[in-house]
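Next up: the structures, one after another.
What follows is chain A paired twice: with chain B in the first complex and chain C in the second.
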Partner chain A sequence: MPVFKLCLKIFKQKLPVMMIYVGLFLGISLLIAGASKTDREKGFVQSKTNISVINYDQSPLVAGLINGLKEIAHIVPLEDEPSTLQDALYYRKVTYILRIPEDFTEKFLAGDEVWIEKTGIPNSIDAVYVDLQVNQYLRIAELYKSQSHMDSATIAEHIKRDMEIETEVKLNGGDEVKQDQSYAMFYYNYLAYSLFSVLILGISTIILVFNNQDLRRRNACSPITASSSNFQFILANGVFAVICWAIMVGFCIIFDYKNSNTPNTLLFLMNSFVFTLCAVSISFLVGNLVKNQEGISALTNVIALGPSFISGVFVPQEFLGEKVLKVASFTPTYWYVKANNTIANLNSFDMASIRETIGYTGIVLGFAVAFLALALVIGKKKQLSQEA
Partner chain B sequence: MIVHVENLVKRYGELTAVDHLSMDVRQGEIFGLLGPNGSGKTTAINCILSLLKYDKGIIEIFDKPMTPYAYDIKKDIGIVMQNVAVFEELTVYENIDYFCGLYIKDKVQKEAYVKEAIDFVGLGDFIKFYPKKLSGGLLRRLNIACGIAHKPKLIILDEPTVAVDPQSRNKILEGIVALNRQGATIIYTSHYMEEVEQICSRIMILDKGRIIAEGTKEELKNMISLSEKISVEVFGLSEAHVKEIGLLPNITSVTYQNHTLDIKSHKGKNNLENVLDYIRKNGINFGTIYSEKPTLNDVFLEITGKELRD
Partner chain C sequence: MFIHIFKYRFKSLIRNKSMIFWTMIFPLLLATFFSLAFSGLNEHERFKTINIGIINDVNYQSDIAFQELIQSLSQEKEPMFAAFLMNESEAKEKLVSNTIDGFINVGSPMILTVHQSGFNQSVIKLFLDQYSQTYSAIINIIEDDMTLVHGLVTSLEEGTVYTKAFQLSKANPDNTLMYFYALIAMSCLYGSFFGLREVIDIQADQSPHAARVNLSPVHKLKAFIYSGTSSVLIHTAELMVLLVYLHFGLGIDFGHQYGFVVFTTFLGSVVGITMGAFIGVAVKGGEGIKSAICIGVSMLGSFLGGMMYGDMKYIIDQNVPIVGKLNPINVLADAFYALYYYDDYERYSINVVNLIVFIFIFSIITYRIIRREKYASI
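Then we have the complex of A and B:
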């Protein structure tokens, strides 16, 4: 397989330049990986807000309420001084202050209207959660009080028991807790730029070499059949593309191995492989269009970098303007990134859920076919003009 | 017949690059295609190798029709292109190994052939060099090694010595003769008449795509009336003397420029002696005298009315 071996030797020649792209890519990916190794990766972790309770009612009912609040918040002891309380709120020492009056339980059991005074940071989400907890406790207490004449200790005991009951919630669409795919999404998005650069650099160079009229004629004089020569040529480029793809996605699996054992990874792999095919097609086209190595370097920057900027590789698509995205939609990178973003948010993998992803990947495949057809037409035209 | 070409016509629009070319190359000969730049030599070779489509004609190699798909014919042909056709990305050894590998499947045999080719062209000290690092002469030798490494029966060399230093040129010409002695039939194209004259057993002269003469070098020279050229270094020759010398027997033309008297003569005995007698009798001072036989350039000049290097 002399043509096959020759192609691999030429790829080897271009290895140092390609390694710069791969190295840069892996370096940035490692940095991102390091930066994103937080607790969030483990999924949902409940966080507690800081609140303070100024309590003038030492009844079991109120004690039960405070104990309940301890489940969702850190109780910070504060002196009941207006300046102390204001400072605590201002400096975010606490986000919520609850004031329970002295006769709260007494009035509550007597059926009088009762008030709990609350002070919180305006528009604080934490406050809502505390409100919910307080309201829930008091509603249950109200329920017990209205049904029977229980004392405050018994009511508190019943509420505690009730609130300890946990209801199992089963999410529709899988038993697994959803894993964080944000790193993989970034990695596969950024892969678009690196893969494009490396493949254009490698494959276009090979095509440029083989398109040299003297070498083409010299090869045509040999007894190697055109079909065998073409087969070896395509095989070499295919092997090169698959190796590049495998190396790059392999590192993602290594860097993010905790989250890699999911169907999302399979979809990421499928999407990136289809994108690799598209990059190969574009590389064929570039190789048939350019006349020298300098042209390849220039086009690599335009083709790899340009769409990456406008398609959401470096800046998320959510932050890009509508018009920019409209233009970007004429590039395969846009659809590839869109598919990755969809895959990262997938939690269910039935046909209905992945249809959108398949659609985007299908568009990338369509681009691949179109570019390949264009490259073949231009290549054939070039060949015929040399034979005329 | 190794190569048989009959009425080959190749046109580029209005221009007829090869005009009804017919030629037969016999086994074991070095067949020279001589002609100025643009005479159609390379186009003819490209048509013979089916690298170019042609308008008309029959081409047979090894008595079989030559087509782009005649792979059984191609395996016995070695080609050395006019432009050096090697891979910049491969070393000298890798280039020869690649081109030899297109023909020879057996790894051991291929290795032996590659080594032989390297020794043959004298590139042993440069096997790890990339083509960019080679001089023009060495690059041409590499081009030849890539074309002949697989030991073909027919070798076509298209202007292999263009822009080559004299040392490399001699080495290349000696190599071609050696290949011929080893049994290869050779087609050699050039616009250097000295080279063709030196190594070719039969020569075809082309101009504007047409054959203007064909034969051995002796046959070609016999075709023209010019037999001898005499040059004499003379001082102070008058116009009257020049005219009188021109009237001597067999003399066809006389020119006097820069103290050199150039005389051309038809075939005939004692042409040089007659000129010297005249000079002596008239007491003319003279210096160096030399006489030379007509060259292929003279043949070309007489047939076409222009110099071969025009």
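Then we have the complex of A and C:
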């Protein structure tokens, strides 16, 4: 099978560049896997934000306040240095900084006007959340203070007891721990970038080579029939695509083996395979459009990177604007990501529950067919104009 | 002579489509993608009114204090909660469809039902906790002295706020900006393709073009500087297009020191070009390897400077600051960040000095290697 062998040779030549994409992808995936190893707890979990408290007042009242804050926040120790605080806030290492002045308790008990300086991200939900707790604590303190002349320790003691009261929270649908598919979801979404890039690089390079006029003429007069040559050509590309897909998907199952033994995995596999088909037909199209190797690397970046940004590969879809998503819905990546997101949340697998997923995957398949048709038409036109 | 070399160099560079794509079109595209992808991020962080359901039963109807509280909360200009009365089955439906974040069964104790854990749900819980806690505190106090009730109620109604906002900086801590700053820095370093080109076209052992140039009776250093000037001009112009597009097209905030921003970008361009020249002379091997190194350095630098993952820059700055200082992309991005976010110039000046040191080192080494190179045969 000389044509088949030639194709493999060309793939081999492109291997180093493709390995960069694969290596980068796997590296990042491993990093994320390491970072997201949080055990899901049963039942309702109170959210905590990161705050910093710069405290110059060591009274029991303030100590109580800080303890109360620990219920709703992780307290990050930071130096009282403007640039340190500014940087920490900018990069959201803390979302809220409280500065308690030295004479706070004294003035508070004396009934003078006092306040705690807060620095946060304006109008953010974190700021609202922490504000609620700080003001609540001090308002109760105010109640006790107004009643009699208690000292700060007694007040703190009282508030501590009051604040032990908690509301009962029920989780609708029971307390069962769901399968954690969030890693798989991230992984398969990210696949839309890396697998796509690798496929375009490999396949369009081959087509570029085969579209070379002299080479085409030479092949035409070889003793191999056109159908055999075409078959080998398609086979080589198919094998390449399936191998790429299998390698990348295989790593996901290895990284996330705990959660892989579920019907969700099957659906993920199916969805990503359909996306691979779509990527292959887009690669055919690219191969028929570009004129040289430099064009391929430029187009890879535009075609694989662009949709990934606007379709929710790098930034989750719920964070993207409505208009952006509207534009994104013209790309297969958007529907692929949407399918992954629904698969990750599936708990039952009867026809009714997976219908939505199948619909999205179907759209990706439709894109695949459309791009393939387009590629064939353009390829044929190019051939005809060359021969004329 | 200057005009001649400069003019033809300019023409030849501007016709190099691949180089123009990578140094100008690609950053513009990437900026557009960034802006599309990140536009919703800040919105997501902002507090929005939380929708809650309240089960409209006998308990709720009889708890007048709670009714009043809910009403007063919903009436503020930007209310914390929007409360809707409903029955239980309706509430469960709305919970699943995410129309409300939770619903409350009034009573003592209050019961909150949610569909998942999250910030909004936690805020509702905290609010209910506080209602019960305040209630408990009041009971505690009036157990001792009934006459205090009136004072307590007025004190509660005041709803004193004990926190006062202080901003550390005039600028909003908008952390998506870092991606754009790193992007400009990356584009600056893409100038290394220009620098590399210059060296390849002047070192006689690297291209036939250079061999021809070396034969001409022009001082090599002069020829190098003249043609380098057109590289700097083209690259700086490209970067200015990027800046204009970022600011006016995408609305990226650079603070108000536009002069400094332009100056920093120009310095960045020179750093990029001298770095490319340095790689061109210091690395032995073909053009392919040299441009791969240019791309590799820019990519690794962008990654460490926070272009792919914003927190990366902070992690490096906190743990291994020396790596940040040695990474031109990080230094450039940090200079833009300092201009935007800091009120003084200390951090900015340090970054500028750092950049000038880069330029100086790259130029000296390039000069030492290029000068007086004689070829017996190539």
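As a convention for this text, the second predicted complex is superposed on the first by the 251 of 388 C-alpha atoms of A that agree within 3 Å, B and C clash if a C-alpha of one lies under 4 Å from a C-alpha of the other, contacts with A are read in each partner's own complex, and residues count from 1 in each chain.
Everything that follows uses one rule, which is that contacts are C-beta pairs under 8 Å (C-beta built on N, C-alpha and C of every residue); 3 or more make two chains touch, one makes a residue touch a chain.
Source: prediction; values computed, not measured.
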{"item": "Touched partner set for A:Tyr90, first chain B, second chain C, both or neither", "value": "second"}
{"item": "Which superposed partner A:Leu215 touches (first chain B, second chain C, both, neither)", "value": "first"}
{"item": "A:Gln13 touches, of chain B and chain C: first, second, both or neither?", "value": "first"}
{"item": "Touching partner for A:Gly362 - first (chain B), second (chain C), both, neither", "value": "neither"}
{"item": "Chain B versus chain C as contact partner of A:Ile224, first or second or both or neither", "value": "first"}
{"item": "Residues of chain B touching chain A in the complex", "value": "46, 49-53, 68-69, 71-72, 74-75, 77, 79, 81, 83-90, 94, 98-99, 101-103, 146"}
{"item": "Contact set on chain C toward chain A in their complex", "value": "18, 21-22, 26, 29-30, 33-34, 36-41, 43-48, 80, 92, 95-96, 109-123, 125-130, 132-134, 136-138, 140-141, 144-145, 148, 151-152, 155-156, 159-169, 172-173, 175, 178, 310-311, 313-314, 317, 337, 341-342, 347"}
{"item": "Footprint of chain C on chain A - complex, ascending", "value": "44-47, 72, 82-83, 85-87, 89-93, 98-99, 114-129, 131-136, 138-140, 142-144, 146-148, 158-159, 161-163, 165-173, 294, 298, 301-302, 305-306, 309-310, 314-315, 318-321, 324, 327"}
{"item": "Contact set on chain A toward chain B in their complex", "value": "2, 5-6, 9-10, 13, 209, 212, 214-215, 217-226, 387-388"}
